[in-house]
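Each of the next two complexes has chain A plus one more chain, namely chain B in the first and chain C in the second.
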Partner chain A sequence: MLIVAERINSSRKRIANAISERDASFIQTEALVQAKAGSDYIDVNAGSFRDEAECLKWLVDVVQDVTDIPLCLDSANPDALSRVIPVVKKPPMINSINLKPSRLEPILPLVVDYKAKVIALCESESIMAATTDAKIDIAAGLVEKVTARGIPLDDLYIDPLIFPLATNSRSALASLEAIERIRKEFPGVHTICGLTNVSHGLPNRKLVNRTFLITALARGLDSAILDPSDKELYSALKAALIILGQDEYCLEYIHAYREGRLG
Partner chain B sequence: MLIVAERINSSRKRIANAISERDASFIQTEALVQAKAGSDYIDVNAGSFRDEAECLKWLVDVVQDVTDIPLCLDSANPDALSRVIPVVKKPPMINSINLKPSRLEPILPLVVDYKAKVIALCESESIMAATTDAKIDIAAGLVEKVTARGIPLDDLYIDPLIFPLATNSRSALASLEAIERIRKEFPGVHTICGLTNVSHGLPNRKLVNRTFLITALARGLDSAILDPSDKELYSALKAALIILGQDEYCLEYIHAYREGRLG
Partner chain C sequence: MDCEALKEAVISGKFREIQALVRAALDRGASAQDILDNALVPAMEEVGRRFSASEIFLPEMMVSAKMMQMALDVLKPILSSGHVKTRGKFAIGTIKDDLHDIGKDIVISMMQGAGFEVEDLGVDCPPERFIEAIERGNRIIGISAILTTVLPNIGKAIKAIEEKGLRDKVKILIGGVATSFHIAKETGADSYCKDAVEGVLKTKEFSVLYEDN
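So, the complex of A and B:
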């Protein structure tokens, strides 16, 4: 199970403020909290700034000053990515590509050159895939494009996209089915998902988000973009891993319990 | 989703005491709490008493006095079942049969005569099925026996059994795989499961139990034996049902939220 820690995202007001004010200590605290809670990658996003490349480079520098956990460069802007990636110390994850040529063509060479992992969204020039079949069609296109560049499938993390249940009662089911089919039809490819979109417009959003995570894990999801310092979410994740036979002798679960990390 | 409410079970000390003392009001409160929380059947168990038939009959009478929710007669004793079932007002569920002839042969005629639903455990004379294949083998035997008597498959609820994760890290996975395969290989048959065994010997048992429920629902479980008045468990169930597309427009979920039934 691979965890991408999501909190350093400029769509959050406190993060945007910290970036504006170049408050390194606030960002570094966020990084360390997530590192301690359990992160494989720390996402950094400055997408809400006009000078995104400069802000993202600053984020990368301040986070790398306090932790050696690799970074997930979260940008839809190929130019920002290409300017920032040279200063990244460890092979990063790039978040994200999709099937749009304007994004795919300039970013794939960066994935190759920097031996990066890459998150690929099930969306193309014309659609954001909402049905299972549409998600699988785009996943097939992504696998083809990535393979053609010689990128190992093990470095590809396909995000099936998840739309709010409040507007479509079958949206989560389509994502779950896609996760299962991607693993079966494209062996070796990983699946990844954010959790917050599913609950948009519903009460008790965190309950819905963590329940979705558990169902997705049960259908084969092997990585997620989440906040590992959310104790109830982290507990749900740890419990799901013992149930799914991915925590031999329940050692990780018991360890997390003893450290007080289970809610 | 069918819920069998589990609390009126003589393995619980307070229930055993209430049965011993013929404390009808205590039992009736338990019945009403579960009825209000959301139950399709109310389980009644007097299995820890030597005069089980008499105690079970008393339980049936006192519960039927306060609610018309149908009962799930929980006994491994064909003699007790045959003596009690005539006083049951609505077609009950019988909990349970297995492949042992000593249990199967006398109980199946009761299922037929009283148009009961029946829970069938994946165990035989020689084994309690621990692997997926063993569970499926026994499930096939159960389907054959039940079909031979003309019992509709819609009345059959197969329990794949779940053993503690603390002693076998793959025990839950075997049950999840069995749930999925039973639904695929025996269309029309239901699956059911208790939740408490999975967490035996682990810390934070309720977290593990409700996480197991969500994973099982994600793999196709369509009924469960549980305590619907456990607010966190009930919340997990309701959230899972919206995610799995089984709650059109999230109406049930939002209704439960408005009634304060989500934790």
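So, the complex of A and C:
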């Protein structure tokens, strides 16, 4: 199970303020809290800024000063990514590509050159795939484009896209079925997703997010973009992994318990 | 009496029963226009008010909008086209380079629920698609944007509408998480709507301007 820690995102107001004011200690605290809670990658996003490349580079420098955990560069902008990636110390994850040539073509060489992992969204030039079949079609296209560049499937993380249940009661089901089929039809490829979209417009969102995560894990999801410092979420995740046979002798679960990380 | 019961059914989301209730009201002699004006439209107004006041959640508003459509499916064959009063024409699309359709579709449901004739321009709309919608007679245009990266495209679309000499023929509303009052001012839109309910209210206000057309 691979965890990408999501909190350093400029769509959150406090993060945007910290970036504008170049408040390094605020960002570093966010990084350390997530590192301590259990992160494999720390996501950094400056997408709401016009000078995105400059802001993202600042985030990378500031976070790398306090932790060795590799970074997940979160940008849809190939230019910003190509300017920031040279200063990254460990092979990063790139978040993200889709099937749009204007995004895919300039970003894939960065994935190759920097031995990065890459998140690929089930989006094409014209659609954000909502049905299972559309998601699988785009996933097939992504697998083809990525492998054509010689990138190992193990470095590809396909995001099936998660849409709100509030406007379509079967949207989560389409994503869950896609996770299962991607795993079967493209062996070796990983699946990843964020959890917050699913609960948009509903009460008690965290309960829905966490239950969605567990359901998705049972269908084969093997990575997620989430807040590892959310204790209830993290505890549910650790418990699910022992149940699904992904934590031998339950050692990680017990370890997390001893460290006081289970709620 | 029938109108009150129907109104209550729409507000409380009894979607399995709505069509039977509408038919029953018609059987007892209520006119289709009466059902529309005194049950369905006021029900949607109340649902919008409750959503704005955070008394109900998004799926509850969505189901009411859906019920409005189900009721209209029963009423439309009866309302002879000459007698159907629509509030006016409204067209909405998601701006170029943005493929998000959920917010736009919520607005469409709510606008239809409020009695507007709605044209869906789809996603990834270039300026020409808005221009053509204005040329087809739409006097109120909605532009949706979810990604911050596409905001400059709103300004470009509005500029293109100006250059065609059509700007004074329409009111332009913007909405979606990337937008704000500030963005409305910056791009030259007439107004920003924080959600679908506000979109309906502002469209109602602006549509008064075009009532005689």
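Here are some notes:
The rule is simple: the second predicted complex is superposed on the first by the 263 of 263 C-alpha atoms of A that agree within 3 Å, B and C clash if a C-alpha of one lies under 4 Å from a C-alpha of the other, contacts with A are read in each partner's own complex, and residues count from 1 in each chain.
The criterion applied here is as follows: a contact is a pair of C-beta atoms (placed from the backbone, for glycine too) under 8 Å apart; a residue touches a chain by one contact, two chains touch by 3 or more.
Being a predicted model, the structure only gives us computed values, none of them experimental.
In the superposition on chain A, A:47 makes contact with chain C only, while chain B stays out of contact range.
Chain A is touched at more residues by one of its partners, and among chain B and chain C that partner is B. Once the two complexes are overlaid on the shared chain, A:76 sits against chain C while remaining clear of chain B. In the superposed pair of complexes, A:173 makes contact with chain B only, with no contact to chain C. In the superposition on chain A, contact of A:163 is made with chain C only, not with chain B. In the superposition on chain A, A:203 makes contact with both chain B and chain C.
In the superposition on chain A, contact of A:12 is made with neither chain B nor chain C.
Contacts of A:231 after superposition on the shared chain: neither chain B nor chain C is touched.
Of the two partner chains, chain C is the only one touched by A:126; chain B is not.
Across the superposed pair, chain B and chain C both touch chain A at residues 165-166, 169, 202-203.
Contact residues on chain A toward chain C in their complex (touch as defined above): 47-48, 76-77, 123, 126-128, 163-167, 169, 200-203. Residues of chain B that touch chain A in their complex: 165-166, 169-170, 172-173, 176, 198, 202-204, 207-208, 211-212, 214-215, 217-219, 235-236, 239-240, 242-245, 247-250, 253-254, 257, 262-263. Touching chain A in their complex are the following residues of chain C: 57-59, 62, 99-102, 105-106, 124, 147-149.
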